[in-house]
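Order as written gives the chain letters A, B, C and D; numbering starts at 1 within each chain.
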Amino acid sequence: MSIQGNHPTITLLISCPDQPGIVATISSFIFEHHGNIVESDQHSTNHHEGTFFMRISFSEEGFALTRSALLTAFQPIAERFQMQWSVHYSRQRKRVAIFVSKLDHCLTDLLWRWKSGELRMDIECIISNHPALESQAALFGLPYHHFPMHKETRAADQSRVLDFLAGKVDFLILARYMQILEPFFVNAYPNQIINIHHSFLPAFVGANPYERAFDRGVKLIGATAHYVTANLDEGPIIAQNVIHCNHRDSVEDLIRKGRDVERLVLAEAIRVHTEDRVLTFGNKTIVF
Amino acid sequence: MSIQGNHPTITLLISCPDQPGIVATISSFIFEHHGNIVESDQHSTNHHEGTFFMRISFSEEGFALTRSALLTAFQPIAERFQMQWSVHYSRQRKRVAIFVSKLDHCLTDLLWRWKSGELRMDIECIISNHPALESQAALFGLPYHHFPMHKETRAADQSRVLDFLAGKVDFLILARYMQILEPFFVNAYPNQIINIHHSFLPAFVGANPYERAFDRGVKLIGATAHYVTANLDEGPIIAQNVIHCNHRDSVEDLIRKGRDVERLVLAEAIRVHTEDRVLTFGNKTIVF
Amino acid sequence: MSIQGNHPTITLLISCPDQPGIVATISSFIFEHHGNIVESDQHSTNHHEGTFFMRISFSEEGFALTRSALLTAFQPIAERFQMQWSVHYSRQRKRVAIFVSKLDHCLTDLLWRWKSGELRMDIECIISNHPALESQAALFGLPYHHFPMHKETRAADQSRVLDFLAGKVDFLILARYMQILEPFFVNAYPNQIINIHHSFLPAFVGANPYERAFDRGVKLIGATAHYVTANLDEGPIIAQNVIHCNHRDSVEDLIRKGRDVERLVLAEAIRVHTEDRVLTFGNKTIVF
Amino acid sequence: MSIQGNHPTITLLISCPDQPGIVATISSFIFEHHGNIVESDQHSTNHHEGTFFMRISFSEEGFALTRSALLTAFQPIAERFQMQWSVHYSRQRKRVAIFVSKLDHCLTDLLWRWKSGELRMDIECIISNHPALESQAALFGLPYHHFPMHKETRAADQSRVLDFLAGKVDFLILARYMQILEPFFVNAYPNQIINIHHSFLPAFVGANPYERAFDRGVKLIGATAHYVTANLDEGPIIAQNVIHCNHRDSVEDLIRKGRDVERLVLAEAIRVHTEDRVLTFGNKTIVF
């Protein structure tokens, strides 16, 4: 929805043990402080003794509390319902670093969408283990940082990237970045690293999914955007899609068709992430 | 969602001028009477001076008010916010009459889904302007009523059907019923008559859409489920889908492929209608 | 295409080492014996030293050779090009046995499509390891044979089925038949047993794919129709499709949505199989 | 298929009255001159007295005839069967002019695909009635020609463009070019002007399709790539696709979602056009 783009909103993301009164309490709190709810969605894993999830957005204009006052005033409610919660202001765009290797189709697509205003985020920089795509970054006036990666020194190499990014960004996008991130790196950005995998996971986990899809003779290929966890290709799935293929498609054709799916799926995942629409629950996502 | 199937719920469908406090008031009302919200969705046509729509479901178990007490207690809230509203109990299945002519694919599909528990409705009877499908009804132990229709006596013919149905059913399904309903008939069931049209409306309004799709050389054909209004094929669209086709497809192939789309789209529209997920707004639907 | 339904055709399915002159030789052979080609499709795995695949259909009306004369006359061509080949007459409908257990959605769908003329095959009987669906078969006047299966006597149990079917059928459909076939059984019908698996293979091979899809949090579920080989869920894929799902879908919802995909995918696979459109190549299919 | 990209091929596009012997004659001709068929597809509008369409590709390597010798040698066959025919060499890339106005999403997508080798064509220049996208062309080193269009002088304005392009290009792409072409202009490039219309035609012919889709409350929006004829939005459809939408989507959301469909559909149409896969038949296409 484009609503948030036009009018600044404040969004609460909440999860807690399910019990009666949560919605009434939250919506009364917002009303009492002169917030007008513009979007609200909730989900319960089951009726009783389940977990309750909520995303509720209200207009910032007219709302009586400053950010810090809001944090203070909501705290008792959060404690009463044992909430995990976060507050997001639509005017405060998330800062991102995009990681790439040599393939440029996802990067090009993201930069074009970003420039056209489709993705609400500030691109701080582009990070790569190759110098190949530097000119792409230059076209859009974006800093490009080449951090070589070597098998033997991978931990130290990634440590340098981590240090470099400290305090600069809110989340990371792996736009066909062909490196496996170390656990210490992943843990620094929990559910804040979005990867695009070029298969409909859990099919074809790991390397060369198009070649393996060709060998298996599948009739559709796909792409999966997911949060990165310590387990390769096992993180919470944000978005997935597929496209049909047939015996006439060579591996090169699958790669060509797959590029279109990858781009759409990655852009969709970034859109919902930057609009604070994603909650995670164990290894799964709730996308409001 | 299957939640409602297992635990009886009460659902409120509400529309009113948008203003702050609606959600807080409704959710507090439910909470105060010991209802636990299991689903809630809302939509505003825009921020200010727009229209607010809401569907909110809470468990019937434990709720303190009887149906009549609920109606009385909620009335002041409804008046305060100038609401159009309705209350629906999931245990009270809607009663339906299915209208057919000679084509049986939609009817067969509906009866199978109904028998397997997929559609929560009570089929009161099957109405037809032909005797052709009587044996289908008999297989499922359903009454089949043959009401012939003649061009010259159409109004009187339809009047007889209307009288017959009076008090017996809550909504109607036109499962490829090849008759145009008179305005007085349509007005008797506002937004309670679901029709399946065999094209992706507004393309190919009217007769013979598959033949016209073939002649136009389209690369996809579709189906549209909509509420019937006095204007042919112009009512609020509930669900739509398409399937790809190409130059190899004859009109017969389009009809064959189209049958699958028609069945899926009609079933989806009935599912959301029977689960009280549809609000109409002018000539459009909001499907929560 | 509906062409073949109206005019009897003869179809040649051919594979051989690729070399120049194959198409010219085959099409000249057909022309010389007064056949008019109505459909022709070919595929080569690559330019040189690859494998050539062809499906070519010509009208039976006017063709100068009887079946046995055709077999004799074509033999020298087949030998010259080292062909694997088969001849199929559209008037000679394939005979099939449908295997089921307790779930009826695929069976019901197939029977309805068959009765409406959508699937060109003669259903000889329905085989089941349970008596549950006998009444379904009775509705369509089809023989239903209950062959119980026990873990301890599985080989003998399946042997009895094999003996029973001997000479009666051309191919088998496993319409959610919840038994693993013994290798000796599978080998009796090479590429003539079509199974529907309720996942987009190779994801969720084996038991309970919907439960596992739910646990993994995928955003789409699917179905796969494939030929059965000795390796579970590893046979050549004929058709696949998917449908979107989200966090609101319970396992029961996935099962409900999945039923629609299963039915469409299985029907599509049977349609191309009965129209002699499928060639296998290693573990893959070519669907013309 | 990527086959042609690796090995130069010669493609024949043929249509003629259907009769026995066409395939045999053509394939024998190719074989006799040492051509190896790599792809072949055919279509007949019906069995007898119909029209026959064929696309047949053979490797250029080893083929015995030069282009002019091929034209001469095939002429008697063409006359005998009353063929309309054309010959295409894959090594001879088509030259194209891309027409744009102010919207850049289709242009950007095409330029990226072209640069990555996905589209086999030579872009001669970009033509626009606005100077807005000149920098885009410059990024790819492409000439950009600004031809202003005025309602009062439209014929003369378009005449100037026509003169400018004379002899320079083989086909034209209207990548959201917001001008209606004059009949004399269209007639200069019969079935050689590809337009992208932002609706699933024949729905929403003409201006502002997204606004009208929003007003109608459709549940899917689409895009159509077609050859331009003298009748607005009525030309032969090459490719179409749709995407789902719902009540939450504003007009801006429909525009955003639609951009993705437009780009995919236009790229697909250009791909099949440049690979000589499209034949037209009246107002319809055959896409081999």
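Quick notes on this structure:
Simple rule for what comes next: a contact is a pair of C-beta atoms (placed from the backbone, for glycine too) under 8 Å apart; a residue touches a chain by one contact, two chains touch by 3 or more.
Only a predicted model underlies this, so the values are computations on that prediction, with no experimental measurement involved.
In this assembly, D is the chain whose CA centroid lies farthest from the centroid of chain B.
In terms of C-beta pairs in contact, the better-connected of the chain pairs B-C and C-D is C-D. Over half of the residue numbers at the chain A-chain C interface are used by both copies of the sequence. Rounded to whole angstrom, the centroid-to-centroid distance between chain A and chain C, based on C-alpha atoms, equals 42 Å. With each centre defined as the average position of its C-alpha atoms, the distance from chain C to chain D rounds to 36 Å. Shown for chain A are the residues in touch with two or more other chains, namely 3, 248.
Every residue of chain A that touches chain D in the complex is listed here, in rising order: 1-3, 5, 104-105, 108, 112, 116, 118, 139, 248-250, 252-253, 256, 260, 264. Listed in rising order, the residues of chain C touching chain D in the complex are 3, 6-7, 18-25, 27-28, 30-32, 34-42, 44, 46-47, 59. Residues of chain B touching chain D in their complex: 43, 200-204, 216-220, 222, 236-242, 246-248, 283-287.
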